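As structure tokens, here come the structures.
In the two assemblies presented below, chain A is common to both, partnered first by chain B and then by chain C.
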Partner chain A sequence: MNKKEQLINFSFVAPALAIFSFFYIIPFFYTFWLSLHKASPTNVLDLNFVGAQNFKDIFSPQIFIVLVAVVGIFLILFALKNKFQKLSLNNKKGLAQTLQFATIAIGGACLIYAATTFITISRQAIDFNPDLQWWNSVRRSFYITLWGLTFQNCLAFILALGVDRATRTGKLYRVIFFLLPVLGEVIIGLLLRIMLSHYPGVFNHLLENIGLGQWAQNWLGKDMALATLAVSHCWRGFGYGFIILLAGLQTIPEQLYEAARIDGANAWHRFTKITVPMLVPIIFLVIILTILGTVQIIGLPMALTRGGPAGKTTVSVLRIFYDLNNSHVGYASAEGLILGLILVTLSFGMLKISKKMKS
Partner chain B sequence: MRKFFTFTIILLVCFSLVGCGKSKQETSPKVTIWHWMSDRQDAFEQLAKKYKQENQINIKFELFPHSAYTQKINAAVAANDLPDLFGILGEKRVLASFAKEGKIEDLTSYMQEAQSSWKRRFIDICLKVNSFKDNNIYDVNPGIYGVPIDAMSIQFLYNKKLLKEEGFDPNTPPQTFTDLLNIAKKAANKKDVYGFASGWGETWLIYCMATNYAFDIMGQEKFLDTIKGKVSYTDPDWIKVFSLFKDLQQSGSLAPGIITMNNKEAEQIFATNRTFFTFNGSWGVNTYQQINPELEYSTMAPPRANQNYAPGVWAGAGASFVVNAQSKNKKLAIEFLNWLTEKEQQIFLIKETSNLPSIKGLKKNIQSDMKYFLDNQQYFTHPRLWPENENSRVVEAINRGIQNIVIGEKTPQEVAEEVAKTKKQYSQQ
Partner chain C sequence: MPEQVKKTLYLLVIHTLLIAVALSCIFPFVWMINSSLKPNSEFIQDHGFEPPSEVNFENYIYTFTKGNLGTYFLNSILYTFLTVIAIVIISSLAGYGISRLKFKGKNLIFYMILAAMMIPIPAAFVPLYVLLKGVGLLNTRIGYILAMVNVGLSLSIYLYKTFFDQLPKDLEESARIDGCGKLRIWWHVMFPLAKPATGVVVIFNALNVWNELILALVILSRKGLMPLQVGLLKFSQSSVGLTQYTTLMAALTIAALPIIIIYLIMQKHIIKGMTAGATVG
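After this line comes the complex of A and B, so read on.
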């Protein structure tokens, strides 16, 4: 391929690349840059460079140096295993070697930084003090995600199986179940707040009227708020999984089921030996989308509980939002990056498992 | 084919360039104002129309959601794209930051023109919240940096009808915190009526009430010393402040779900005669009138927990506008602000939006219920008047701690220790 052809080919990718860079790559690096800063206590517009201080505050310095050391070792091992040779670099050995040296250098720098910080910490006897408010908010996000992965996706799967067989009313159900995700998080949150809060307490009145008054309680109170938020999120969000799983079910050729029936397979066998294996990639897609969608919720808790009572429903993204509002721009950026990193790791992990199961 | 592609690309570029530019025929507004006050947009637009008729100058009020407003302003600062006039939400250090960075105009010289006629128009406290004194900790040049367009106060309110029904004199509200608890306990005699309701789901109201009582229990000086780090939050006086919330919780008079209740819900409860007492700002009058025009209520000074010091009552400018120092229309914007704070416009604003005026001499124009919020002026204070404000992380710890006390998960002592720990952590940083 000559240079002119390369240029023409590149021109096709350029618009997409420009848009992607403008909306994703540049904001990502800008967020990283911001995460290395802290606003002055008397001037919120004056951002001072503080290096990795925000990350140290989030993890505590002790955990932070362990993480830096682990990243350093990983990078060095990755480079030493010559992984760059496997990358498609048009057989340019020079480029692969440069990348290898650069990675070793970055890994080495990480190790040196971890070692020097370790010496400083051990001299100053710094307390082990991770930001528990942040990590608790992450824990709450994953608690809701657990509900999403189990309750929400099982509900979506069962309903998709049912609707897949309903030839006449299938379209109607599809519309009904997809109606909730179409409505905004805030609308659902405000409606549920009217239903569930002590005042006006529509749901509790309903329970009393049907003779189940003993079940009436403060659904947004200290014991129930997080579970209520989780169930509300699942109720609102199962429609997405339902539509994707239904589409997946409808791609399974009917002949497979017919052949199985002829071979004497019962409904359970057809489900476990045909439906589930054929749906594995779709199931993993739904799992990844559920994790990404649930960990990032903000509208629903904001409208339903504002993160209360006493911060019991403050999920990670809501915490980031509050930090931004309180002019902790650098800290919020660091929190955002950590959350992003957790999500990327989880998503790649799920994709890898999916590939292994497929093979 | 190639010609077609070239032509299409040129056409697209032309369209985008035209889209980016401003139409010359369009009469662009001279002064643009950003704000978050959805309830005042109609009134603002009417005033803008009037101003156009009188002065042939276009005024454009652009409304943004309250929750996204701060981000909008921050983005505009980064892009150097601030409007001619805008409001600033948040602590005094935010206003200070804008002033220090030269983003907003020092209005002192304009206020002092014609023997300070503009400056003398305002209620003192309203102007002070937007001013910086000499040697302020923010290192901002002393001056006035914002123009208040209305005023507010946050007070204890009591329901006269409910007090009368329980045999109390409706014109003599409780004087001490113990009296308040004793009356509030009577709510147990009534179905679906509570002793005390407030929008504590919006945590800043908790901090407001806590600071009112901090003034009452330890005095302003000691309170400010705590912010400066000279007094610990584990001091017995602070534990007394936190204990008041424990007392309220133990009295059984708090409305169920009070710490998830938002301000609007608490206002509805008070308006429907379902709580003896509430703690709310002057903006609530609107809701009370809409829901129950017959509501009999009044404001009262914070029932005292200690007789040695004066309690605090948050009051000051409800909303203020600042002038973009880099704006080409700076002069026009300032002239408009001057006009907006003239008597006639202020009367229109307080009538249309049920708020208190930011200028003097309009007491007779204030509707009867709103007048109550001008009571207890001897206690008026505002965080923007304090020389220093508490770190937002510490405020968060106080609010969360008090919520934990109210739900019975922590004792005042535990909360005090937790707040002191947070204070220590952020002081070190």
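After this line comes the complex of A and C, so read on.
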């Protein structure tokens, strides 16, 4: 194969690669660079290098030191265990060794940095002061995710089971339940805003009419807003899990149930011994999709409450967006990095657990 | 027969639950369309639970003339259309290249594309904002379209690649013997064969672009450029959107109704396409 043919073949992926480089790869590395800077309040492009200051502000210096030290120890242990031999480096021993030394060097640098910063901090007696605004927004994201994992997925599972048992194809229900995920978050969020807001109080009026007047309250007020947001999110999003789980349920062959019935297994046994084990991969898929989808929500809080009242529903991505709007570009990058790292760790962890469950 | 009674009771419970949830999904939209046809004063009195005393389209006229909804709507159609076309062309080219052609670094590029699917948007939109501002693409249509093309690209390339991998090579061979170049084989043989994959790619990306919010919020701040989702948010935060509930609901109806109608017509393909896309991602 000559050079010209290679070039022609490569040109098929070239447009994709060009867009990719500019919109994914460069931004990916640029985030790390940006997170070490502070932009001037008037011009976002005017960046000043501040080192790890953004991370110290987010974690508080004390926790940051501990994290750096842990990363350093981890890197050194990783290098000493010589995992690099496992990587298929075409048996180039020199490369593996260089990588090992480099990793040890980086780990050592982390430890030295942690130690020196620890000494300077202990002399200055700096207060323990992590950025609670940010960590609270992360906590809210995970609060909603918890609702999504429990309430939303249980609802999806129960409805999928019901449709699978009670109707032949469940086509009508599938169409209805999937309507909400298809419509945008903004439309649903604004619709709910009108319904739930204290004035004109449509939902409260509805509750009174069906005799549940004592439940009426300010759904978007300070105490309830986050829970309302979480439940709204579940209501909007259960259709996805429902469709995926139903498709999974319908692939389980009917003969399995028949055989179990003949063997005298009751409904509960059939459920726990056939349905659930057969569905494990799909359940994990739904869990991963729920986590990824819920931690990153922004459209629904934006439309429903705009992060209010008093910041009670500002979720993590909304926090990043507001920081960006206030020209805190470096800070927003650091927050984005932390959130991205949490998400990637979570989804990899879930994948690992699901692989273990399979074997 | 007690067994029979038990089963009927069981079915009754299931159907009650299913119907209750289904009603909760449909009712808000009926309520929305009903309310959008009445003046605000009437809505505040009856909370939108009664049919309008007389049907009037004033709210709709207002949203189009003063609320800018028409512009937002056209913008959304433009963005969706151009983005999807670009994604289909670029990703089918790349999918064909990765599946069938040989060149250096092919596997590396494919793994990079797969890895990019793992990068979450929140970690990416801040640097993207600074980069786009740096090259002057902030607040331009082309900047937003390219960013959205990028978002849909990796999944679409993966779908095309796996589809092409399953196709037999005979057709291609015979086309090559007839003297077709690679580009012509892609256009005349492979691309027409890939219709099922194209269907999934088009549906998944079209809905994705139509419902996208955060990148549009970050990249487009000029009113004339905003797509529908951002426009709706802007409108809902204006003084009219905050106080005139029925006018806002007319705007929501305009945004929702086309999607609902398209969804009802193509529901089978949409459900298939969305689940295929989500499962891969």
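The criterion applied here is as follows: the second predicted complex is superposed on the first by the 327 of 359 C-alpha atoms of A that agree within 3 Å, B and C clash if a C-alpha of one lies under 4 Å from a C-alpha of the other, contacts with A are read in each partner's own complex, and residues count from 1 in each chain.
Note that in this section contacts are C-beta pairs under 8 Å (C-beta built on N, C-alpha and C of every residue); 3 or more make two chains touch, one makes a residue touch a chain.
Owing to the predicted nature of the structure, the values given are computational and were not obtained by experimental measurement.
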item	value
Clash-or-fit label for the pair chain B, chain C on chain A	clash
Partner chain(s) touched by A:L324 [first = chain B, second = chain C, both, neither]	both
Contact breadth on chain A, by residue count: chain C or chain B	C
Touched partner set for A:H205, first chain B, second chain C, both or neither	second
Touched partner set for A:G336, first chain B, second chain C, both or neither	second
Contacts of A:V175 with chain B and chain C, given as first, second, both or neither	second
First (chain B), second (chain C), both or neither touched by A:L45	both
Touching partner for A:N129 - first (chain B), second (chain C), both, neither	first
First (chain B), second (chain C), both or neither touched by A:M357	neither
Overlapping segment of chain B (options 21-29, 75-83, 111-119 or 399-407) - the one that collides with chain C in the superposed model	75-83
Chain B and chain C contact sites that coincide on chain A, given as residue numbers	44-45, 302, 306, 324, 329
Chain A-touching residues of chain B, taken from the complex the two chains share	67, 70-71, 74, 77, 90, 93-94, 96-98, 100-101, 103, 137-139, 201-203, 255-257, 259-262, 265, 268-269, 391-393, 396, 400, 403-404, 407, 409, 425, 429
Chain A - residues contacting chain B, complex	41-46, 53, 57, 129, 133, 197-199, 218, 220-222, 225, 302, 305-306, 308-311, 322, 324-329
Residues on chain A engaged by chain C in the complex (per definition of touch)	1, 6, 8-10, 12-13, 15-17, 19-20, 22-28, 30-31, 34, 44-45, 155, 158-159, 162-163, 165-166, 173-187, 190-195, 200-202, 205-206, 235, 240, 243-244, 247, 285, 289, 292, 296, 298-299, 302-303, 306, 316-317, 320-321, 324, 329, 332-333, 336-337, 339-340, 343-344, 347
Chain C residues within the chain A interface of the complex	11, 14-15, 17-18, 21-22, 24-26, 28, 31-32, 43-44, 47-49, 90-91, 93-94, 96-98, 101-104, 106, 109, 112-113, 116, 118-131, 133-134, 146-147, 149-150, 153-154, 157, 182, 186, 207, 210-211, 213-214, 217-218, 228-229, 232-233, 236-237, 245, 248-249, 252, 255-256, 259-260, 263-264, 267, 270-271, 274-275, 278-279, 281
